[in-house]
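So, here's a batch of structures to check.
After this come two complexes, each holding chain A, first together with chain B and then together with chain C.
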Partner chain A sequence: MSATTKEVFEILLSSTTLTKLPPNAGPDTGLKEMGVDSLDVMQFILALQEKYGVEIPEADINAMSSIAKVVEYLNLGMAE
Partner chain B sequence: MGNTDPDICTFISGETVDLIVPTPRLLNSLSWWKHLNDSETTRYMNRYGVFPLLPEPEESVQSAADEAAVTTTSRLLLLIRSRASGEFIGSTTLSQISQESRSAINGLMMLKNKEIGDLLTGLEAKALICQHGFLHLGLRRIYGWQHIDLMAWQEMITILGFFPEGVMKNGFVRGTECADAIQNSCTSERFLKIYTKRNSSLWPGRTEAFKLAKAAMAQRRVKKLVAEAQNREAVWTDELVGT
Partner chain C sequence: MTYITDIAVELGSDEIDNVKLAAGFGHEAAFVRDKIGFVKRRQLAESETEFDLVRRAFERIQNGSGIRREDIQLLMVVTQNPFNTGIPHDSALIQARLGLSNKVMAFDVGLGCSGFVYGLNIASAVMELNAYDCALLITSDCYSRHIDPADDKTRLLFGDAAACTVLQRTSGILKIGPGLFSTDGNAGNALCRKERYISMNGRAVFEFSATKVPAQIRELMSQASVREHNIKKAVLHQGSKFIVDAISRRVAPLGLTCPFYAAEVGNLVSSSIPHALSIEISEGGRESFVISGFGVGLSWGSSCLYKV
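Let's look at the complex of A and B:
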């Protein structure tokens, strides 16, 4: 099992207060720039953990700053 | 970050944040009043963002003096400053401090566009000011309420002993919006149990707090309680008026 950009975008929209993505938002767009706030991030992290079974520690929150980085992080975590 | 600014006086020092005394000069230099006019920052506050707040109290529809009134015995306001960046990221309050009922209301305002991990710093700020309230102001109960959309935050604050008391029907009203709110509280008895268990600190440390918060959110205890309360309301109403 591996995480895909499409799947992670779907999880972002279903787990947070974000109802739609801003125009031109892509995998490299920062979560902050997409309007994701710190409470959304907690809900997003929890949903990712539940879906992929990867434990995400506090020290890694700031590394997950875009969807592309989240996907990379998850796939590395699942490969270990 | 070293503190060499003579206007910055730390009142309570924490692991990742300091709570700073909001002197009028500091508030002025930070243009703090502007944050209270920002629609995004005040989205879940029914008191601000309705009439404009101005820097000088005599010019304001609402009094900016309220925000700096740390010298009163009924209100303690402190600014939250990141120890890593030195940035001011929000404020936290104990208001309506009553020496008769030994209670106070806790509030928290986080500024927009800060780091995505800043919710934990907000949680630490809440722990610090509430510990101060219980230990130094002798409070027996600290409480608060939030818009029902902030359910995840309600789940998170259970790790500091703030448990839901119930659903306030139509408890949040702002303009045309009317929504339920969830009231929560922590008592001095519960605080002392947690404080003792965590080696004389309500805050368990950032790493541990993150683990505990995720576990609390995964359990969704507040969400279940709210669903139960909302269902009960429907059932009891049906019993009274028939379906």
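Let's look at the complex of A and C:
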């Protein structure tokens, strides 16, 4: 199982209060720039953990600042 | 069977504008309104004590349902912040201050946000075993005096209240049904007192609430005796709007809705569910509920209340 950009975007929208992505938002756009707040991040992280069966430690969350970085993190974690 | 016959909730007299307070921490009004959910909070006034709230709630019970002091055979006080040092226990102090009979079983239960659900279950069992006709369940935890003023994670959440809930064996408004109860002391550091103040790991509390509570509600709702009551509403501990909404999404497939009742009062700890139930009762809501309390411990409990 691997994470895809499209899938992670879908998880972001279904798990948080974000209803739509801002215009021009892409994989490298910062989550904060997309309007994701600290509580949205908690929901997003929980949804990722449940979907991919990984445990994401607190210390790793700051580095997951864009969808591209989230996908990279998940795929590295699942490959280990 | 045991029934809830009346609930009275008293709130701290000070009304805090949480939007204004949150702005000082850099939070926008929309974040307070839509996520935290507590636009206002109620706190003890400087000259006010927890006992003032208990006394006022008890007076309302006396005026409302006509319960006499000598009728009360069981007095249970749910608190983690006793008036003095906890010695003697709050229930003994309250028995004396309210002028209740000496022939009362009075004891404290040291639980936080799960305390009301546990309290109903314990009281129900004690009343059945001893054939008691009348019990008073008091929940009273005023966190405002245990919060670090510089910590926005806790300061924007909690409100102060006390609730008196009358239980009787003969009849009432809601019949107390079965419950499920759990504890995970290994995760207790997520929400605990560290030196002087309450400390909270928001992410750990969120993940606990969003996973353990829906699972417990699902298990409870799967029982055949519960299913036949066709319950449509869950009255949850009002930890925050964010947490209530997260649980709500996860129990929606069970056909449950989870209203948010606490926008004007804050997280009232063990008094949050009686506060919500008092709103349901005052609005004439005659239906069965699942109630679920969760928090410090970590401890969580869910139970059914059946319409009569």
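Methods note: the second predicted complex is superposed on the first by the 80 of 80 C-alpha atoms of A that agree within 3 Å, B and C clash if a C-alpha of one lies under 4 Å from a C-alpha of the other, contacts with A are read in each partner's own complex, and residues count from 1 in each chain.
One rule holds for everything that comes next: a residue touches a chain if its C-beta (ideal position, glycine included) is under 8 Å from a C-beta of that chain, and two chains touch if they have at least 3 such contacts.
Everything quoted here is computed from the prediction, not taken from an experiment.
S.K.: Between chain B and chain C, positioned on chain A by superposition, is the outcome a clash or a fit?
M.R.: They clash: once the shared chain is superposed, the two partners overlap in space.
S.K.: Could you figure out whether chain B or chain C reaches more residues of chain A?
M.R.: Higher number of touched chain A residues: B.
S.K.: Who does A:Asp37 touch here: chain B (first), chain C (second), both, or neither?
M.R.: Touch status of A:Asp37: both partners.
S.K.: Applying the touch criterion given at the start, work out whether A:Leu46 contacts chain B, chain C, both or neither, answering first, second, both or neither.
M.R.: Once the two structures are laid over each other on A, A:Leu46 reaches both partners.
S.K.: Determine, under the contact definition given at the top, whether A:Ala59 touches first (chain B), second (chain C), both, or neither.
M.R.: A:Ala59 sits against chain B, while chain C stays out of touch.
S.K.: Of the partners chain B and chain C, which touch A:Thr17 in the superposed model: first, second, both, neither?
M.R.: both
S.K.: Tell me which stretch of chain B runs into chain C once the two are superposed: 4-12, 22-30 or 148-156.
M.R.: Stretch clashing with the third chain: 148-156.
S.K.: Quick check on the output: what are the common chain A residues between the chain B footprint and the chain C footprint?
M.R.: Dual-contact residues (chain A): 17, 37, 39, 42-43, 45-46, 58.
S.K.: Which residues of chain B touch chain A in their complex?
M.R.: Where chain B meets chain A, its residues are 110, 112-120, 122, 149-150, 152-153, 156, 206-207, 209-211, 213-214, 217-218.
S.K.: Within the complex, which stretch of chain C touches chain A?
M.R.: So the residues of chain C in touch with chain A come to 31, 34-35, 202-203, 206-207, 210-211, 242, 246.
S.K.: Over in the complex, which chain A residues touch chain C? Could you list them?
M.R.: Chain A reaches chain C through residues 17, 37, 39, 42-43, 45-46, 58.
S.K.: Which bits of chain A are touching chain B when the two form their complex?
M.R.: For chain A paired with chain B, touching residues are 17, 31-32, 36-39, 41-43, 45-46, 49-50, 57-59, 61-62, 64-65.
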